[in-house]
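Two complexes are shown next, each including chain A; its partner changes from chain B in the first to chain C in the second.
== the complex of A and B ==
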């Protein structure tokens, strides 16, 4: 049975129970975060004594608030959190976010308390996110229900994270990569809402184009992977699963009370069910970014074009390991390249095509990239370029070539994060994801093919 | 026999043969790069017709230059490069850098030409870097002999790279990580100077504290690894070897004319000889940075301290896979933590110690970090913190604790590159390397232990 999470993610109004005015406290930060996020509906800070927080009227209790409250974010300690659930129900609250720790992750006493919390919420029929979570962000609806506010870029990727800290890592990496985020959910202890509830919601959410998941473990893993099998036909699901060793399995258990389970088994099952499985946050973001920005290739044949051999070999290395192919270019492609660089140039006509010294200026770079992506045996191009202070990146050229051939292109610029910011914006706006490491570029290229294959094979069988 | 490379790396004067005034050409960029790098000795641009480049007098030929020339950088095409070697010898040049492509990497004709080049240079007794290289940088001596100038930070790490592009990737990553570089060498086709010549030079170089190597392959691999066995007792050697698949072996061959060789075998032999072997540029820089900044731990027992469980689990995951241990803290350590957070706090007393909500403010974070690093079973601390816009990073606290216990600490801040720049500078100046990804932080922690072990075991046997 799907739960109605729309009122939590797109509330008309929200209250913060335990709002405060001390900047070092969670109760202040959640409230500030909502204001900062630009939420348009009424916001009600609740505190027994305070009169005003950040220019907003404070109410002593939830039932004193002058309008209906769709979402209550509870920033009280674990005991008071449990006590206040009934008041929320009486006031017609449609969804709760509980950030307090001290529940299932804290041993027998905490497990008992969490059981009371989930029983109450379930009895009263109120979906509850958490406890023990940073909260969530609906960036599409400007609703920032978290005490870790970051100004996110808008876009089509939504994230479900079992860990707040890892979720935060993903947001930070998304900012560095200029990847647009749609929703971000720290699931916490999953007292009433499991992974699959969020997955089901995001699967139906029309503004979510790609779903990224960080998970440690789940008791309901089977339901989760079955759901991935359905959703992956509509949109890609990328999963980073922690817990490769017995010891870290144990750590996961003591963190969220869930058994992580053998890593390899998990990975295989996830893959069989149509998830794209990755090994690091960097790969998670790399894949989500490519899948949210780029069209898909028809196959796995990658045309690599570069003016510097090393990065192309390292990227090819990773791509070949993953399962891509590097086809031989057609004689006409070689001829087109020779038309640009002249006869007997100091370059080798192979894939990766290394334009060497002749590929620095953007114009001939573009003409050679045109030959590569136009090659009939090339499904997707990886275009590599090294930043030089006197020469501009060939971003316009790569975009033009992509548009001309209507095949996907991924750019890999050897530069540091700041240097490529402007070009990243330009390329990504036009559907060409940009990376600055070989591993991430290679993983992204393969993810585009992987998803193409997932749609085809899952549709068949 | 060791070759005398001191006059190349620390020349008194330098000439650029084929210097030009067109910003899109290599001949201009090399000369500009030397000026930009801040070289103090006389610089002589050589060109048959031009009179002035960037305010410097141009000379029509090398023998018209008014003083002695230690280094000649040849920015001519492959044919003219070979022809000009004798003139260099006549003028007393002590070292040559040749950047042209079109040699061994270009098939049979190129191989022949390269043979002529190396025979001439060897006959005349002039060490030659290249051909087919971006050049080199001696950042310690402000000598930038490359057409890819980047303003590097000064420090103790020197890099030998078989690929210019990968060498550039390493420099860019070093900038993002604020890792100081001492020398950077693009070895190119190794016509007269092999990997081991550079390794031997850097092994003896008093300003180089750590050596990082990117390699595709070498015909003289045995000499190379034997040399690592000697040098690793004096300073760490970190190696990233490309070419994991047969196909990419082939690509390496067509790039530099060398056979890459089976990856796994290479890796095992390198490790046995005392190299620290890594899988990506990111890990290469992570390890070099830690080894150049931090003291070494006595053992592999890591105390992990965090206020957010997820990143600690992911980092622990990687560290346990690599071979670290996470010891149980002593009862006194737990007591010290309870003294900070009070009885019955919502935290679990284990390793990783997760201070949860109570660990946000820097002061109590510092007191708990003090308990962790002070624990008698802890050899090294990994301190994890998540950026929050209202709270400062606990950098001073981590530095104080490191100084108090005189044990190494590594910081892992969940933030994007720009956010942590100031703290990175502060921490790293004090010998605490900072990372923003779990994988890099974990790899760095293990590298410190690895090198400790290398010194001990190689010294014994």
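== the complex of A and C ==
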């Protein structure tokens, strides 16, 4: 049965039980996170003695709050968390976040306590995220319910993470990559809400365009992959499954109280069910970003255009390993390139096309990129350029070429994060994802083709 | 004997282990080619069966205690005639005389050499029933070059399983060796998937090895467990 998570993700109001005024404490940071995140509805810090936190009136108990409370974030210890659930129900709370540790991940006593927590929440019919979680974020509704105050870029990618720390890694990388995030969920110990509950919600969520998942393992893996089978026809699901080595199984078990499944089994079955499977955060973000921004290619034939050989060789190598093809350009394409650079140029007409020094200025770069993407055997272009103090990036040219041929383009600039920021914003606003490493650019190109394939094969099966 | 009768017989004997002859009967009933395989309880029966199936013959130990048959000297291959069968039978009995002096054997004809693959079924704690495929020998045991799919699988998925192991190169033919019959292998994967899907009793199957030829294949050995 699908659970109604809309009230928890889009609350009209929220309370923090155990809010405090000490910046070193979780209770303060959850509350600050909500304020800093720009939530528009009423916020109620709850504390027995304090009067004011960050300019907000503090209430001694939940039932003293002047208005209805949709979401209660419980920043109390594990024992008090269990005790306060009933009070939440009495006050009409529609969703709970429990951040406390000390439950199922802490041995037999913790397991018992967690059972009490989940039984109570289920009996009262309140969905509960956690325990042992960083919390969750709905960036679409400006609702930041974690104890890491953040401001994220808005966009279509939603993340489900079994680990708070890996979830944070994904968010930080998303900031570097200027990848817009929609929702972020730290699933924690999954006492009442499983992976698939969140996946089902995001699958139906109209503002989520791409779903990214970091997982260690789940006893409910079968339900999870069966859901991916349905959702992948509507939107891409990218999964980073941790735990490749036998030893890491033990680490995962102590981490979230679940035994991570054998890696190869997970990876194969996730793929079988239509997920895009990756091995690192960088790949996860690279794929999610491309899939949320770019149109899909018709096929796997990549036209590579560059003015620097090495990065194009490294990127081509990755793409070929993944399963892309680098077609030979048509004679007309070669002629178009010669029209730009003149007869007998000091370059070899092949794919990757390396214009060398003739590709430094943006205008001829754009005309040659036009020849490459216009080639009838090219489904998608990877355009490579190196950051230079005195020469501008050919971003407008790449966007123009993409618009002219209505085929996807991915940009790979040899640069640092900061000096390519303006161009990243410009390109990505127009649907051209930008990367600064060969590996990420190559993975992104392949992910676009991979999803195209998933749609056609899963629709058949 | 039909599929369900085989399960009934095993369960009524208080067993969970499926013997080689039982696994092969299950497979044969479901259209997967196997080497014929029957149990002999004494030397003369062994000789009769060997003559019935034709020489060269193969004898294997048939016991719940010795599931790794070759480890205890319980597999005798390529036996050319009656004398060799009699000698082999006595050797197998002698090897386990301390434990099971009245041990039975299975008798089957020696099959030709093909590319050896493994097809498995396992019941995973997280995913439930899963089918496994890999190339035989070191590819699976040392390199762990295997692939898994949820049961049931489609024809496309079966083909994709074969494509996704590195050892697949061996099936495509190399150094003058003709390519193996991948169509029949795909069929076998589909049939094993269907067999496991239709019979909740099956917990595990291990078809190892399966010899794939230029035309067709044969399951040479197998075992399994019931849930």
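Just so we're on the same page, the second predicted complex is superposed on the first by the 461 of 461 C-alpha atoms of A that agree within 3 Å, B and C clash if a C-alpha of one lies under 4 Å from a C-alpha of the other, contacts with A are read in each partner's own complex, and residues count from 1 in each chain.
Here is the rule we go by: a contact is a pair of C-beta atoms (placed from the backbone, for glycine too) under 8 Å apart; a residue touches a chain by one contact, two chains touch by 3 or more.
Only a predicted model underlies this, so the values are computations on that prediction, with no experimental measurement involved.
> Who does A:269 touch here: chain B (first), chain C (second), both, or neither?
The second partner, chain C, only.
> Please work out whether A:148 is in contact with chain B alone, chain C alone, both, or neither, and reply first, second, both or neither.
So A:148 only meets chain B here.
> In the overlay, answer first, second, both or neither for which of chain B and chain C A:457 touches.
The answer is second: A:457 touches chain C but not chain B.
> One more residue to check, A:221. First (chain B), second (chain C), both or neither?
second
> Between chain B and chain C, which one contacts more residues of chain A in the superposed model?
When the residues of chain A touched by each partner are counted, B comes out ahead.
> For chain A, give the residues common to its interface with chain B and its interface with chain C.
On chain A, the chain B and chain C contacts do not overlap at all.
> If we count contacts the way the header does, which residues on chain C are in touch with chain A in the complex?
So the residues of chain C in touch with chain A come to 124-128, 130, 144, 146-150, 153-154, 156-157, 164.
> So in the complex, the part of chain B that touches chain A is made up of which residues?
23-24, 26, 29, 32, 77-78, 100-102, 105-107, 147-150, 161-169, 172-173, 175-176, 214, 216, 242-245, 247-248, 251-252, 254-256, 280-282, 306, 308-314, 316-317, 320-321, 326, 346-348, 350, 352, 354, 356-357, 360-361, 384, 386-391, 414-419, 436-439
> List the residues on chain A that touch chain C in their complex, please.
217-222, 225, 259, 261, 264-266, 268-269, 272-273, 457, 460-461
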